[in-house]
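Letters A, B, C, D and E mark the chains in the order given here, with residues in each chain numbered from 1 onward.
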Amino acid sequence: MVAAVAEILTGVALFILAVTALGLFRVLRAEFAVERMMAVQLLGTGGAAAILLLGAASGTGAMSDVALLLVLFAAFSCSAFALGQASPNVDGSERPEDGA
Amino acid sequence: MSVAALGPATLFGLCGAALAGIGLFVVITHSGLLRRIVGFNILGAGIFLVFGAVARRGAGAGFGGDPVPQALVITGIVVAFSATALAVALLQRLFDLTGRETLEAAQEHSPRSEA
Amino acid sequence: MSPLATEPAHVATPGGVLLVLAVMLPVVAVLLMLALGPRWTRRIALATLAIGLLVTIAILAELLRTGEALTYVVGGWQPPLGIALRADGTSVAMLAMTALVIAATGCFGYAQQQLDPATSHGRAPTSFWILLMAVWSALNAIFVGEDLFNLYVALELLTFAAVPLVCLDGRAETMAAALRYLMFALLGSLLYLLGTALIYGSFGTLDISLLSQASAEGPVFPVALALMIAGLLAKAALFPLHLWLPPAHAGAPASASAVLSALVIKAPFFLILRLVLDVAPPQSAAFAGQFLAVLGAASILFCSVMALRQARLKLMIAYSTVAQIGYLFIVFPLASGSETLPPWGTIAWTGGALQLISHALAKAAMFLAAGAIAEAYGHDRISDLGGFGRALPISAAAFGLAGLSLMGIPPSGGFVAKCLLLTAAVIGGHPWLAATILAGGLLAGSYVFRVVDRALATPAIPLAPRKPIPRRLELAALVLAVAAVLLGLVPLQPFAFLQIGRPDSLTAVAP
Amino acid sequence: MSLLLDLALVAWLLALALYVTSARGDRDAIVAFIAFGLLLGLGWTRIAALDVALTEAAIGGGVTGMLLLRAEAHLRKRKPGGPSKGVVGKAVTAVACVMVTVGLMLVVLAFPSPAPTLAPAAAAALPATGLGNPVTAVLLAYRALDTLLEKVVLILALIGVWSLAPDGLWGGAPRLRPALVPEPLAYLAQMLPPFGVLIAVYMCWVGADAPGGTFQAGTVLAAMWLLVMLAGLSPEPETRGKALRLTLIAGPALFVAIGFLGFAMAGGFLSYPESIAKPLIVGIEAALTLSIAATLGLLVAGPAQMASGR
Amino acid sequence: MAATEAFTLVFVGAGAVLFLAGTLGLLRFPDTLSRLHALSKADNLGLGLVVVGLLPQCESVTGALKLVCVWLLAQLSAATASQLIAGAVYRRKPGP
């Protein structure tokens, strides 16, 4: 690949990261706790895009594996969070040994 | 040292040093044990990054980095995870038994009402 | 730059295989116990204890036969790329001490569990055996390790085995104690790991013997060593980082306390010893030695007084542990050695090693005796134990004999140890250390006599045990206490066994 | 441009870490920590450590986050606001931590140049292992003892966690499934695991020659298993179960067994005969992947919370 | 060669613009649900465009397959995760 293209791809990766960062800090200051979990979703997508671009720029095929895991685990953590959030009444019933 | 002379290795090494300081700060200043556990993880991440800087500096023989420290970091990450799991389990049990999630208030807190 | 030696740094010796067995045997036991379930746990543990003792004896015999250190290069990969295991005289002494204490504790645990057969396949007994085996493996790995990162993994193994031991009985206060212990231990591990990273960054190796040959310049090496030693101090519970120890060791079940107090905290000390004497450049070592000695002296004085003020027997013994650990740290300036005499040729080295071993034996004996007492009376408040010597003569005797060693009264291993240390302090011109040793002995005498006095008291209403205590439960403590006393037969001079395989004696052979 | 990207990444990592110190609630701190873990995965790719990047994204951003979030949900009914350090105490600590940081930075800048490295030695020894990925060679050949002991550490942590169960529940099953499973979660738990298993198999297989390997594959499998259990599609296993325990020890046991076979087949403990080194290592990795998956999953699941059925 | 690279740059650039649009939506929209909507739609489309743009750069079929896989996974996770979050928001405050 031409060096200039690689440079441009790196630049785009930087741009996407910066934009994602902007969104991230907006989300982390959100009033609803749930909304903050969007941060992880945001980072999964933006991070994966950045990694793919960087991988293409450096010609490292294995980078897409990292992107794969990033997306996968972003989804995973998100579900964990939404779960604890979705049913606040669960907490009590989650500890059967409580009364023992 | 000018910024231009900063390679990624040194840059991430410095980042690791800063993260270690931040992690230490969390561990010391927060009394909530869950936050402390998060602090330990950040401290660990900083230390691993210092290791990573060492690995990157040792690039050679066709490898992008010295594989030995990289392997040590992988081992370290797994060990750190098991430490976190053990600490979290202890904390949950402590909470179930006493309703506490700090160590400092050990004396003055009375056990949670068992109702 | 890189200390890559042209000739291999480690040459495997025929007996080296035994070191692998010493580390791996308990690991195999852990895996088997997990696979076969609670019904088999105790049988596997007892079999492993027997085989492990044999392995230790074989190591001892091999060392005495060849007169040089046992070495093994794992997988044939030479350091710095691979990992070596090595046991010199001092390491083998540690291995033997560990095997003895673990075996005695195992016997105690076995006897105690037979008192209550209904729960003997339950949570606490099963976990105890698995954790005991893991502690053994970790200790052996630490005593024979040559690679700093391998030692890190072994230290973590030790921590993860020791922390659940603390809260095995599931009470809330032991949970808090275990958590505090875990926090200190984690901080210690991370500092140690950071030091390891820095050392690898500047030398490209983590092998202790390669590092000892490396030339050290610049600030990285001292900083790395300081970080590692600080981390290990948190694990060894030296004053002022001892806060976690008394509740943790006092709250654990007696057999667990014995292992924790006698052995587990010796592992970080052993590593500090190796770092200061084998790895650190001489100036750093001298400075570190002074610093550690000050902390050690403070530990002796402060924690002996604290021990004196405790109302509960196990807390008293736990504080005594911190005080006795202090003696180990005042060895550093006393054993600094000279041009002609390496540190391990000094009487202070022998004194320190004897103190380590005799304390391990005596402290395990004390905790086991305290365990028998608590089993008999259901509590361990010292003031309410008047006359327990009548009901539990063996435990009382074990406690008294172990006390002799702690106080440093002849004939006992503790006496020889403290006498050697005192002599070294006087000869070396350290009057304050000498005074501290004497004061520590007096304070130890006071707190031991408090208990012995209760044992011999004749209260108006004779103290009746809650349930009969079988003799075999008490025997383990007595065996350990007698062993601690027998150590006193070692002659008052540098002990040649502890110098086998130390670096300078090697170069003396092959110039 | 690359340098700019690295600088931005570092700044972002530090900002997230600082957010963890200042966040009001623990949950916000944990969310920031998960984001931090994912981002750190990206950071590791910048210093050419793809194996570590995979591990960090999987463990730092994935399972650790899950573990902490579950704990936070468990502790949610706590009394608000524990005693915290005063302003003066915080300032003193901050100064001390800044000093630590500056000291460490100076040390990092003082590393010798040229840097000492074992990369040539690792490369030279690589043919004897038959592997292409030097990190896997370090983990499973040169420093196999570390990896073996670390597996024992994992298992031991699990035994420690299990030993925290109340006496009556010991041997029973942990509890992950909430009373109410949201519809989308059930959907995700059906759709994601096929992908996950595929990725795990790929990671484990490719790990011999390219970035990846048993840790990463095991963590992915663990995450998928956790997801399935969370959605209630598969029951939480009883910790006394025979099959479960055999899965837990299979990897380490095979590792130890092949290690001892080294006495007969090759030079000694944990050495592999050169001709079959690669198949042996891949076999160990496959078994370890299953064991790691089971161990990590159960570590997140925690101690038993439901009495044993038998 | 030049054609494929032009293709890549166009698509990647379009993807970057979509990421920007998503973030702008996040910053400007008033309520949680529309923010969520803006975010998941725009970011996924952005990632999709980036993937399409990078496909010609792949050296092997497996590499291309992995890229597509990343996008599929992102689709799946965005769909479910945003539903999960939305559901939680909905339960929190009755009426959007």
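Following the convention adopted for this analysis, a contact is a pair of C-beta atoms (placed from the backbone, for glycine too) under 8 Å apart; a residue touches a chain by one contact, two chains touch by 3 or more.
Predicted model, so just to flag it, every value in this text is computed and none were measured.
Trainee: If every step must land on a chain the current one touches, say how few steps get you from chain A to chain C.
Mentor: Minimum number of steps from chain A to chain C: 2.
Trainee: Show me the overlap between the contact partners of chain A and those of chain E.
Mentor: A chain counts here if it touches both chain A and chain E, which gives D.
Trainee: Which chain has its C-alpha centroid at the greatest distance from the C-alpha centroid of chain C?
Mentor: Here the answer is chain E, farthest from chain C.
Trainee: Taking each chain's centre as the mean of its CA atoms, which one is most distant from chain B?
Mentor: Taking each chain's C-alpha mean as its centre, the farthest from chain B is E.
Trainee: Ranking chain pairs by how many C-beta pairs touch, which one is first?
Mentor: Looking across every pairing, the one with the most contacts is B-D.
Trainee: Please report how many Å separate the Cα centroid of chain D from that of chain E, as a whole number.
Mentor: 28
Trainee: Give, as an integer number of Å, the spacing between the C-alpha centres of chain E and chain C.
Mentor: One centre to the other, that is 57 Å.
Trainee: Round to the nearest whole Å and give the separation of the Cα centres of chain A and chain D.
Mentor: Roughly 18 Å separates the two chain centres.
Trainee: Taking the mean of the C-alpha atoms as each chain's centre, how many Å separate chain B from chain D?
Mentor: Here the centre of chain D sits 13 Å away from the centre of chain B.
Trainee: Using the touch definition from the top, which residues of chain C touch two or more other chains?
Mentor: Residues 81, 149, 153, 156, 160, 163-164, 167, 170, 175, 194, 198, 201, 204.
Trainee: Two-or-more-chain contact residues of chain D, please, as numbers and ranges.
Mentor: Residues 2, 46, 70, 72, 74, 104, 107-108, 111, 115-118, 122, 142-143, 146, 150, 153, 156-157, 160, 164, 166, 182, 184-185, 188, 192, 195 of chain D touch two or more partner chains.
Trainee: Taking each residue of chain B in turn, which ones touch at least two of the other chains?
Mentor: Expected reply: 20, 50, 53-54, 57-58, 68, 72, 75, 79, 82-83, 86, 90-91, 93, 100.
Trainee: Can you list the residues on chain C that touch chain D in the complex?
Mentor: Counting only chain C, the residues touching chain D are 1-2, 4, 12, 17, 20, 24, 27-28, 30-31, 34-35, 37-38, 72-77, 80-83, 122-124, 127, 130-131, 134, 137, 141, 149-150, 153-154, 156-157, 160-161, 163-164, 167-168, 170, 175, 194, 198, 201-205, 218-220, 223-224.
Trainee: Under the definition above, what is the set of chain A residues touching chain E in their complex?
Mentor: So the residues of chain A touching chain E come out as 1-2, 5, 8-9, 12, 15-16, 19-20, 22-23, 26-27, 30, 32, 34-35, 37-38, 41-42, 44-46, 48-49, 52-53, 56, 61, 64-65, 67-68, 71-72, 74-75, 78-79, 82-83, 85-86.
Trainee: Along chain D, where are the residues that touch chain C in the complex?
Mentor: Residue positions touching the partner: 103-104, 106-108, 110-112, 114-118, 121-122, 125, 141-146, 148-150, 152-153, 155-157, 159-160, 162-167, 170-171, 240, 242, 245-246, 248-249, 252-253, 256, 259-260, 262-263, 266-272.
Trainee: Considering the complex alone, what residue numbers of chain E touch chain D?
Mentor: Residue list for chain E touching chain D: 69, 72-73, 76-77, 79-81, 83-84, 87-88.
Trainee: Spell out the residues on chain C that touch chain B in their complex, using ranges where they run on.
Mentor: 81, 149, 152-153, 156, 159-160, 163-164, 167, 170-172, 175-176, 178-180, 182-183, 186-187, 189-190, 193-194, 196-198, 200-201, 204
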